[in-house]
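The following pair of complexes shares a single chain, subunit A, combined with subunit B in the former and subunit C in the latter.
Take a look at the complex of A and B:
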């Protein structure tokens, strides 16, 4: 290899150098800003995680798999997975190979930012030598991969259904500039390298293009034009990058370690949240995921638009979206960058509620609620005694509590009711409304009651309550069980004698139980012993919210109905004889519109006791 | 017409809608559902806080309509926002948002 341009410089590199310097400076300033916005505890936690060996390994693996190979996307949609990983990984490899070549053959030029990028222009080598043909082949191979990805991207933009997306995001003007310059970069690179293939050798992509466009490419005056255009495309892309969705490329590299450090979302657009906002690639997976999307007017309430409005500081729209969301978490479960969509909304609601609520809560009356066992003498902890908390909603669906008790009696479990005479709410509805401190008061009160009872097992039949008991109660010495888990344990231990009715059942995953707490298998295992389980179209992680969620603050009754009907259509696709759910709210909501009977999980078990 | 010295007088019924009540009007703008209430009392009957306190959403709505917020707002302090009223309301009123909206329109007086 030898240098073809001895000056190692040509003015065409300037657009690229400008763009690259700009984007690097921008990212550096943003990084400092984000780190300064973290509170001291979070910053220490983050710093510690960066030197913990296991987290380091996880960080590297996640950055490689998520940012370059897009493994998650491959699993969900192989075409989109290929499209993203071909562009990301292919581009990464081209940059890496350019650097390797520079390091190997002309290390003294490495300090020039542009040299590895425009290596072909400055260096001369024939493809007849081994090293030449090897690197030429590699470069052309990755160029081919990128170009195939770009082709899919162009098809997707005009016919998204071909690649399996119903709706894609509406792009902003800067997004469009970024998009078109990104599309242009690689075809231009192909042409530019086609020229040099005539003088300095090429491989299976660049040599043929040189032959095909021979008349054009044999004119030396066209060479710099092609390289200028390539550099301008690169420069444009880099310059607009911070103002487009492509900012997710650098942001994700920071997001992955921050997420792995376990930082919480404390603010809607500061610190970790800011990194998260800029990591949104606006891919639009959340648009199709959102259960509110059944009505066209709600399409713009998807997480991607929430992120866009938060970035632009559009308070009014951000608030509207934050308050409307059902908090079912489906968009977050499917999100490629694991956006904490509910956390962001909750942070917004909390800030808003703190600012605007003028009626301070007063829960002093709760102190008078009678504990279950006399609190005067300390109660000995009882390993087998179960304390059953039915929750507020269950008092509107008494069949649940009746069935749970029937099953417990049949299994010979000693139990006590925690909220026979009216329950103290678990606190999650308050929390979802943004009243965190008030919720803590209820939690403290309930915790007192639970710990005074002496029971070791707290049985919960409401998915909403279960989630907050798990996440925020920190009960010492008391295990929290959801009844689906507890009953399938009783079945496994042979304490419950059930008969199989051979009724076809479909199971609905309640949001807070499935996506919220990861319980998918226990209820299914138990239901298989009493009936025949048929699948829903979308289930488990992708289950559709029933529409009754207390997560939404502003969604009106009329607008919940289409969501419920859509969820029912999804469940009844395989003509089950009944729908089974494990949440009183879903039971009540589905019960209004379902064409088949809707049962609670405990009810099905109780009806099939031997 | 012959003047007999007496005649029909206009109705002396007080129409509550005609009394200026700007706070309630603002509440109605924030949550139009408030106008749908038929005061059936389902919310009160099912209320979790109502088991322990005098909280009654039905009374809250009626009293606010009559401009008697002073006796109403303390009731709302007890609300746990559990959402049972939302499920039982025959008119489909978004009760939780209504309660949250009241907190934004009306202000508790400090000495209470």
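Take a look at the complex of A and C:
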């Protein structure tokens, strides 16, 4: 390798240097801002996580897999996965190889920011030597990979259905500038290197183009023009980057360790939340994921648009979107950067409640609940004795609490009813409405009742209650079981004798149980013993919200109906004889429109007891 | 030869309109999908506000069907437009070519199972207003040990967006008052509650009945909706409600709970509407040209409505609408056909 331009400088590097300096400065300031916005406890937690070996390994692995290789996207959509990882990983490799070459052959130039990027211009080498052909080949190989990715990206922009996306995000003006400059970078690089391939060496991509366009490319006065264009494309991309969706590239590198540190979303656009907002790549996966998308008018209520409005401080729209959401969590489950979409909305609702709510809640009645709850007469419960909390929703669907008791009796389980004579709400509806403090009061009272009862097992038949019991109760000495898990345990242990009716059933994953608590297999295992399970089109993590969710504060009934009908169509695609769900709210919601009977999980078991 | 008119639905509206059309010189073809004529009225025991027996209204109507071709257990298979006529094919293989069709498809009783929190179909002691009429009519009381406390729940599936029925069913308020008095006559020692949102006593003598229910029968009216119903081991009910006048929650042990199921649009409405290419409203009932000016005419030539097919109505309203529908059809058929 030999230095071709001894000055190691040419004015064409200036656009790149400007863009690069700008973006680095911007990110540095943003980093400081984010860290300052964290509260002291979160900051300490974050710092601690950065020196914990296991988290370090996890961080590196996640950054590599998520940001560069896009492993999650590969699993979901290989074409899109290839497109993203080819650009991200290919570009990363080109930068890395540029640096390796600089380090190996001309380390004294390493301090020049632009040198590894424009290495081909400044250095020359024969492609007949081993080092030449090796590095030339690598560079051209990754360039080819990137170019193939860019080709898919261009196709996707105009025909998103080809790559399996029904809808894609509507881009802003700066996004477009960023997008077009990104598209331009690599073809320009190819041409620029094609020019230098004649004088400084090249490989299978750059040499042929030099041959093909020989008359044009052999003119030395054209060389710098090509490199100028390449540098301008780079510079433009870097300069607009902070104002486009491409800000997700640097943000994600911060987001991964912050997420791995377990930081909560405490604000809608400060600290962790800010990192999250800027990590949104606006890919639009959430648009197709959103159950409200069945109606075109609700397409703009998807998470990507909430993020955009939060970034722009558009309070009115942000509030609208935050309050309308069903909080089913499907967008978050499918999100490539694991955006805490529900957490952000909840933070918004909480902030809004604090601002506008003038009516203090009167919880004086809570004291009155105490005497009739099990607290006054703590029964001596042994390990096997179960405390069953039906919850408000199960009380409104008496078939559930009845069936649960029938199954418990059949299995010979000794149980006590927690809410026989009235109970206190689990608190989740209040929490979803942004009334955190009020919810905490209910939680505190319920916790007191449960712990005083001496029960070891708290059985819950409502997915909504189950989630809050799991996440916010921190009950000491009490295991919380959802009835789907508990009953499949009873089946496994042989305590429950069931017959198989051979009825074809489809199981609907309730949002709070599936995506919320990760319970997918227990209900299915149990249902297989009483019937024949057929799959839905989309299920498990991708299950579609029934539309009845208490999560939405503003969605009207006429707008919920199309969601419910769409979810039913999804469930009945394989013509099951009945729909089975494990959430009282789904049961009620589906019951209104389903063409086949809708049963609760416990009901199906109770009907098939030997 | 007199002109045929097809009347779809053999309830009070259909029977009355058929009789009027016959009197005007037409031959009505009355189609009823169930085995008996009379619709919901055939099932009812007594009628508000005076408590006269339903059969004293229905029987003379059904006895006077000379000149009317009627088919029970028959449904409409298809309706097609042929020039300015409608060709109606029936499930019994017959077909008719007519210029006018009258839709008197009435309403469906709201399915009280949908309000699962009230426990209909789950608890034995929860029944509907229609079940109660069956009981009164047949005299076969359900075998409960003692009936000391009875509740009536108003607006079950009426004015209830969640249940998909936003409209007021109009007749249930006064029906509940009537039935509360009747059951009090059967169980004079029982305490009878009515849980209401607000009482719509709009008709003549309804208010009198309401006052009588309070004064003479001692019915207890509680303003507030029932939130949920549960059951104890003996099958007795616990009814939770809120008394919104006192601002207090209530919990009452009951022996019988009657749900005032409201009027829902007939399930066949959509299918029939598609056959003749007319619209149903957002609520599922047919849309007349004008609710005030021309309640019996549709947006399509030769298609007419009468009765609860266009929204909840009382019996007298239904009967008078049947008569005016007959007149509207008569005028339409006498208007010279456009070339």
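The working rule: the second predicted complex is superposed on the first by the 598 of 610 C-alpha atoms of A that agree within 3 Å, B and C clash if a C-alpha of one lies under 4 Å from a C-alpha of the other, contacts with A are read in each partner's own complex, and residues count from 1 in each chain.
Everything that follows uses one rule, which is that a contact is a pair of C-beta atoms (placed from the backbone, for glycine too) under 8 Å apart; a residue touches a chain by one contact, two chains touch by 3 or more.
Treat the numbers as computed from the prediction; the structure is a model and nothing was measured.
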item	value
When subunit B and subunit C are modelled together on subunit A, clash or fit	clash
First (subunit B), second (subunit C), both or neither touched by A:266	neither
Which of subunit B and subunit C A:99 touches, first, second, both or neither	neither
More subunit A residues in contact - subunit B or subunit C	B
Touched partner set for A:300, first subunit B, second subunit C, both or neither	neither
Touching partner for A:588 - first (subunit B), second (subunit C), both, neither	both
Touching partner for A:554 - first (subunit B), second (subunit C), both, neither	first
Contacts of A:424 with subunit B and subunit C, given as first, second, both or neither	first
Which superposed partner A:396 touches (first subunit B, second subunit C, both, neither)	both
Part of subunit C, among the options 223-231, 259-267 or 331-339, whose backbone runs into subunit B after overlay	223-231
Touching both subunit B and subunit C, residues of subunit A	395-396, 422, 557-558, 588
Footprint of subunit A on subunit C - complex, ascending	114, 116-117, 119, 122-123, 161-164, 227-231, 240, 251, 282
Of all residues in subunit A, those that touch subunit B in their complex	353, 356-363, 365-366, 368-369, 392-393, 395-396, 421-425, 427, 429-430, 433, 435, 442, 548, 550, 553-558, 585, 588
Contact footprint of subunit A on subunit B as seen in their complex	33, 46, 48-49, 51-53, 73-74, 76-84, 86-88, 92-94, 96-97, 100, 102-104, 106-108
Parts of subunit A lying in touch with subunit C, wherever the complex brings them together	395-399, 402, 422, 557-558, 561, 588, 591-592
